[in-house]
Every structure is written in C-alpha cells, then in structure tokens.
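Here's the structure we're looking at; comments come further down.
Should a chain be cited, it is by its letter among A, B, C and D, assigned in written order, with residues numbered from 1 in that chain.
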C-alpha cells in the first residue's frame, strides 16, 4: 500500500490489512472507537479514583495517568513513580478500566509492565531506541506517541523497532507536531491519521489534549479525529484543572468530558463505528 | 472572546457573534455546509463546463477555477486570464453555480469582479496589503486563504485590512501550513478552524486538496473539517487529473467527488448541519 | 552547478559564474563586502538625515529606509509614502549613499524608481508575481528578500520571475525563516547563503536584524554572514530604538553600529574581502 | 543575563560568567577554538586509526566516532558497540586525541565512560531524562546535542538535568533544527549560538556536518560558527565517504578537512582566538 509522492516506507513486519490490538476485552482497531481518559499525572489516591469513576460513567474505555513524568525542567513535578502505578492499579480494580501509563527508560519496563495494561512511549522517547527494543521484548501492547519532530516515515520506523523484537501490538498515537503556530501548543496533524490508515495496518488514535493544548478545542478535535478515520482518542480529564500539577490548561472538567462524549457519538456513528 | 494563552487578537471591525456572508442565494456561515468544487485552473471551455455540470449534479454549491494562476516558476502554465473568467461566467450561466476565482493584483480587481461572485485571495498574497485594501473597497465577498507561514493572529489581521476598507464579507479558508512533514504537501491545521470559531465571527472553510496534496486523503479530511466545525470546504475536481495543467495529484475524479459527497453528508448531519 | 540531494533548480536566465550588480560606483558581488544600513522606517527628516550621516561615517555603503511599510496590522504605522521617498533622496544627496527602499505594489514601481537606487521586494511579497514582473521590466537593481516560508528553490524561482522580464540585476537577501524557535524572531539560515554561492550566480546579502530580531545578536550574525560567504549585510540603525515606530528591539544605536563595523572588518578580511 | 523578549530561562546551577570544561589538556570554552573530527560510525580498526592520524595531522584536537548508533530504521547499521569503543581507545592511545562518543541508554553509561573522554548525548536523546540524570552522576564531561525540535530554553533545561545531579561539565552542541527547508538536511541555527553566549555560561560548539548534511557547505559553516562566537566545531571525516555506513554525503575526505582547517584559521584569529 503506497500513496503520496514522498513516502518511502519500509514496514516489513506486519503484513495483514489491519492489525487489531487486544487490551482485556477491548479491540483497538475494530469498529469500536476507543476512548482513553484520565489525568496527565496521577497526583493522589483520591484524584485518580475520582477521575476513573467519572470517565467510566461517561463512557471511557481505558484510564490514562502518568506515574513517571518526563518534564521539560528538572524542577517540575516528576510524578509519583511506583506509588502512582499502584494507585492506577487500584483504580482499575475498582472500575474495570484497563490502564495506559508511560514508561521512560528500559530499566522501568519491568515494573511498569507489572501494573499497566498498555505501555505508553511518550513523544520525547519516540526515537529512544533501547527503550523501544525493550518494550518490544515485552508482551504488553504499546502505545507509541509521535515525536514532535517526527515525519510519518520516521514514526513507522520507530514502530518497527518494537515489532522487530516480536511485539506486534503497537498502537500509534498522533499528538501534534511542532510548528511556528503558537496559538495552539502543537499542530494536530489529522492528515497523518488519514495517511496512516492507507499505508499502515496499525491502529491509530489521537490525543487532542496535547495536540491543541487548549481545553476549549478538545471536543471539536475529538470529533474531527473520528471523522478523519482514527481508531480512538486519548484525552486529559482532571477534577480541578486549575490545581493540576501538569497540563491544567488542556484538561477537561468532568462535565466537559461528558459533553465531549455526547457530541462525539453521532460523528462516530456517521462514519460507521460505535463508541 | 479570547482563548488560548498566546493569542492576542485585535479584531475591531466586526462585533456580531457570527457573520453570515451571502453569495447569491447561499448563506456562508449558516447551518448550510458549503461545498465549493472545481478544477485548479480553467483549462478549456469543455473542461470547465464538464466539471461545473458534474459537481453541480453531485451537490456542490459553488464553482471554483483559476484564471489568473500564481505559479512557483515563471515557466509553468500561468492561466487563461480574462478568457478563463469568461468561461467561468459561462459555466455559471449554465449551472447556476456562483463562481469563486483568484485575483492576484490590485489592478486585476476590477475585471475579476465583473465575472466572479467571490474574489479569492491566494495563500501567497495573504499579506499583499495593497491587494487586500483593494478588495476591501470592492462590494464582492472575499475568500481569504491562510498563508503557508501565517499564524492565526496574522491571518485575522489580514482580514482586518479588508474589513477596515468597508468590506465585511470575508470568508477565511484554511489550506494547510508549511511544516517539516513532506508525506503531505502541507499540514492541514484543523485546530485553527476550531480556534477561529471561538475567537472570530467570520465563516471558515477548509481546502483539503491543498491541505494534503494527496487525492486519497481529501475525503477523510473533508469529513474531519465538517466535524471540526468548519462552515464548508473547497475541493479540486478534474475530469482527468493525470492530464491537469496544475495540481493533478490532489484533484478528484468525478466519481471520487460523488463518493466524497456521500461520505460527507452523515458527518455534516451529525454536527447538526445540512449539505 | 548542483549540490545537495533535494535541490532541483531551474535557473535558466543567467549563465555566468558570478553576477556583479552595479549600484552607482559600488559592485555588489565583488570582493567588496557591502554594508547597507538605516532605519526600518523613515520617520522624519531629522531622523533619516541623522542616521545617513552616522552610518556613512561608520563605513556603510548604502542607506536603507522604508517609506511604504507592510505591517501585520492595518492599525500600525504604514510609512510616510512618497514623502518618505523624498527624504531618502535628500539623505542621498547629502551623503552620497545610494538608497534601498521597498516597493509593495506594481503601481508603486514607477514612483519608487524615481527616488530609489535599489528596489526592495519584502519577504511577504517574494511570491507576489505581478510585482516581480513589474520590477523585472524596470532598469533598477532589485533586492529580493526571502519569504519566511520559502525554500531556496522557490526563492530562486522568484528571482527568475524578475529576470525573465529582462532585469538581471537581482540581489538575494536572506532574512530568516519561520520556525518553532521563538527566542529569536526568525531563524537566520546562513546555510542557505553558503548553498546559494554554489548553485546561483546572484549576489547574496544577509539581514541579521530581521533574521534575529534581537539587537545584541546582530553583530555576531553580521560576522557569521561574512564568514559564510555572503556578499554583504543589511542592518537596521536608529538614533533612539526605544522610540522607533517599527522594529525598535532589533535596531542598533549609532555606537553599536560603529562597534559592529569594527568587529566585522577582520572577519571580512579573513575571508579575502574588504569592507 | 537575559536578552530577547521570549526567553524565560531557569538556569540555576551555574553562576559563573563562563564555564571552562577541561578534557585532558584541553580547555573547552577558553580562547582555544576546539576542533573535534572523525567518522560518523567506527567501522573498522583500519578506518578509525586512519582517520585519527589524519585529523590529528591536520590540527584536530579530539576524535569523534560512534560505537552505539541511533538509526532511524532498525534495519540500518547499528554500530560496533563495545568493540567500537575499544577501537576508539586504541586510536587515542596512538594519537593522543581524546575521544568523544555517544551513549544511548542509562545502562550503557558505565561502559562508555570506561573508554570515552567525553560522553555525547545525541539529538534524539536530548530529553531522555533518565539518561541525562545518569550522565549527570558520572564524572566525565558531557556533550549535549540540541534536539531537532528543541527551543533554546528546552535545551538549557536539558542541561540542567545533568547539572542538577552534580556534573557541571556540559558542552552544548548546535547541530541544526528541523524546518521546512529540504535543500539542507537541517537548518543550522547559528543565532542560537550567539544567543547562548549571552544567556548561558556553558561552552557551545557547532556540528556543521549534521547541520547541513551537505559536504560542500561544511567549510563555510565551520567558518561562520567561529565568527558567530562558537567555542569549537565537530565535523565528520571519512577516508571514502561514498563507502561510509552512515552519513556519507556530509562527510569530508582527508584533503577536504585539511582545506577546512586552513580556511578556518584566519577567521578564528579574526575573532581573537586560536585553533
């Protein structure tokens, strides 16, 4: 499968038309449009349980939350670490929502795998090749975020690093690229999603929270993601965004998340899927 | 209206919540999702009449076509000029479709106004201030394309140059910005559309043909545009794209345009509009 | 001449190894490293005469100053127009410095030509093709600034628009491109200068004032421009930058310009030229 | 020290005006302009010894060479690993040149430290925070390359991750950022070098090989780096670039490197330094 004049892909490992990645009972890449929701960082037991219950009630399928946090400055909050992983597991226990959380270094893969259902590779680590190989040797699905600087071709090559080690359960996540435009935090590249659905069998989800950095734009871009052919979205939700330790301006309040889900449903159905 | 931490807007001229721009019987910025279709360049009488009939039949509301063509190289086809304008007028006469066509210089405004229903300012001319002022002194609606380099703020300032001369009938058109990604011709910035619907009263349409440069991606991005809140789209259609004098790789064949319209309708309706 | 894997140039008009553009007694593109200095905008008779005398004394070869100003917002100072041209001519009369000033529209070419020695095409107008053709029909040298979005290839194609009309006296001016980096106003692309000296016979100068937008960086980047192989520089100088009507933060005070010249000389000589 | 309107720096660890980083007998950040040269990858004993002797003879101060190679595709040559480190140490033994080589993962820091004199953090790992912390706990100088996507502010924050662990011997290396321009591999941002010399005490060197990706441009950009105020350069040299396993098009032949050194010297001296 090849379109566009400039794309030279070398995806060798996966040959099927569409790869479906199974997470518990969920099939990512099927007709079910997957919604992953949760706070940027796990901040406390109360916070993560509260969010987990609310997003479950509103219809989310998985819970996100960062325990190991890559932050631009070493003086910013760096996450609760293993304590955060335990709180995520507790939230899963209560709600049944599978957990997506980031792993930042090869030596963290073992411990994060004990608690997480999906291992997230953050944008900054998209070309951290030792880390990619390590999650490739793991039996957990991997959510691979696009680097802020990465072409679609480089992104697919990064997925190859995981797959070449034997782990074919890779979910791609578009989260915006870095451009000159500063009214939004990044530029969400939905064309890349449409392109990937033509050139790769891997499921693709979209993170409109990081993609825009602006809470008010998240619901529109969630709908646009579904219409562009994405297999799901990942959005940040926080009980009180103004008090969040990270990414407050792009986090939705509970009520806003509920309205996002309501507005999303008809669009998902209009493209022949369910949510 | 103000969202996002970086946006400092100075839109002074228009105060209403939403501006509706009237073109013949059509209202751009209303609940009607506007579809503008046609070839990149008017190439011959047969070609433009053929396209006009077919896009009309498939449900398009306006006809696009370039008579004065800004081309990167002086050795490329430069358009049919006034002869092209006459052919567009003939196509309108036969089909009833209002005509959108580009004007490239202040001294062309008068002649283009005689034939066109909407004056298009191309991306390269977004900050051609004497041209903006000249169309601002004209009584025709203006479709203002975003420059490949332009922030949302600069784009709105360009609209101000038109409005400050008295012409408030400005339609913004997102058509992709220039980034490092080369798998697509440009990076279509749908977040900018969602943002504009919050910070500006002007109608916003999207050009997924230039935005992606890849024919196969145009239908998905047309649907995504509707879902993101755009007021319409502009797409390139050609009887035989492989023979087109410009933009062949991004032009849809008639059958492809019909399928685009079919796939678009449910998404438009899912966001509470009609097409 | 062809280097680099991606550059496909179509420069047809000029065949000589190096084109020297003559302005009065000066030869741009010779072993003389040309320094063009002056305010962003002509603001008053006193201001422009004052600057002209000072930059002349410090060793500048030409005077720059804007009479017709392209500004992002229609509410910003738009320049003194023809009155500004007359003041520039008066400054030339007194100091002997040839004048470089911008022309923004085809219909301004005649009047600007009456006063200017070199017609400047601003970055925003790099692909204003009717304007390029009009200065191409003129007998004055043209200084063609690179667009913020323009590849080297597109820039050379823009020069072709001028040359194809018969005017081969084109001077290219690198002035920074738009990137994600916001600590500087633009990203000055000196590699493009080195590249152009390999692939094009046209003289190339650099504008480190717009290229950085930060006064303190201008002297270093002036030296770097000379070392990279540029044929000259263009810098903004103002008697009191804090009161400037445009571009104050990137304008040098008189004393700063004198020190720039002192630091520049040894570098120019180190690459075998004189200033 | 603070210039430019957008730069918000939080460098807390280093207070001195200028930090000099000592590598063997060499002082990086002093009046000596440091030249680091060598192949992209260590490919064989013969190759690395050959290059080491030649660059030493031509005046280089340190030897570069990759043993652990981060490559876009997992199917490309990945480096000789520890065997490569041993060959680098052998080359140092023979020539006396200190060795700069990349470390890609926290668990490699110990072994790379045994052989290297300077630990290089590659562009892709600029925000690999566990790796930054690990080299911060090491007593070897660190050469921190700028990420393709990184602002100057983020780059300085990355340096903080190293310094906060106690290792203040950080050398910054500008190597080009990713922009729309494709005639060069990256856009070398020399303004960032000039800026850093105003806002940070850390030494800054430039890599014009990666910065341009085009062999013919490397000598000009080496000179421009010196003129812009850099404390040194790092360039790729290979006996037969057409047979190189990586980065051939940007590698200099021996004779080309000798000429680069000859052309560089007068510019270095023109800015009051020696090489």
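We adopt the following convention: contacts are C-beta pairs under 8 Å (C-beta built on N, C-alpha and C of every residue); 3 or more make two chains touch, one makes a residue touch a chain.
Here the structure is a predicted model, which is why all the values come from computation and not from measurement.
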| item | value |
| --- | --- |
| If a chain touches chain C and chain D alike, it appears here | A, B |
| Farthest chain (mean CA position) relative to chain B | D |
| Whole-Å separation of chain centres (CA-atom averages), chain B against chain C | 34 |
| Centroid distance [mean C-alpha coordinates] between chain C and chain A, Å | 47 |
| Junction residues of chain D, two or more chains touched | 149, 178-180, 182 |
| Footprint of chain C on chain B - complex, ascending | 10, 12, 70-75, 104-108, 124-125, 127-131, 147-149, 154, 157, 160-161, 164, 178 |
| In the complex with chain A, residue positions of chain B that touch it | 3-7, 149, 151-153, 177, 179-184, 187-195, 197-198, 211-214, 216-217, 220-221, 223-229, 249, 263, 266-267, 269-271 |
| Residues of chain C defined as touching chain A within the complex | 178-180, 182 |
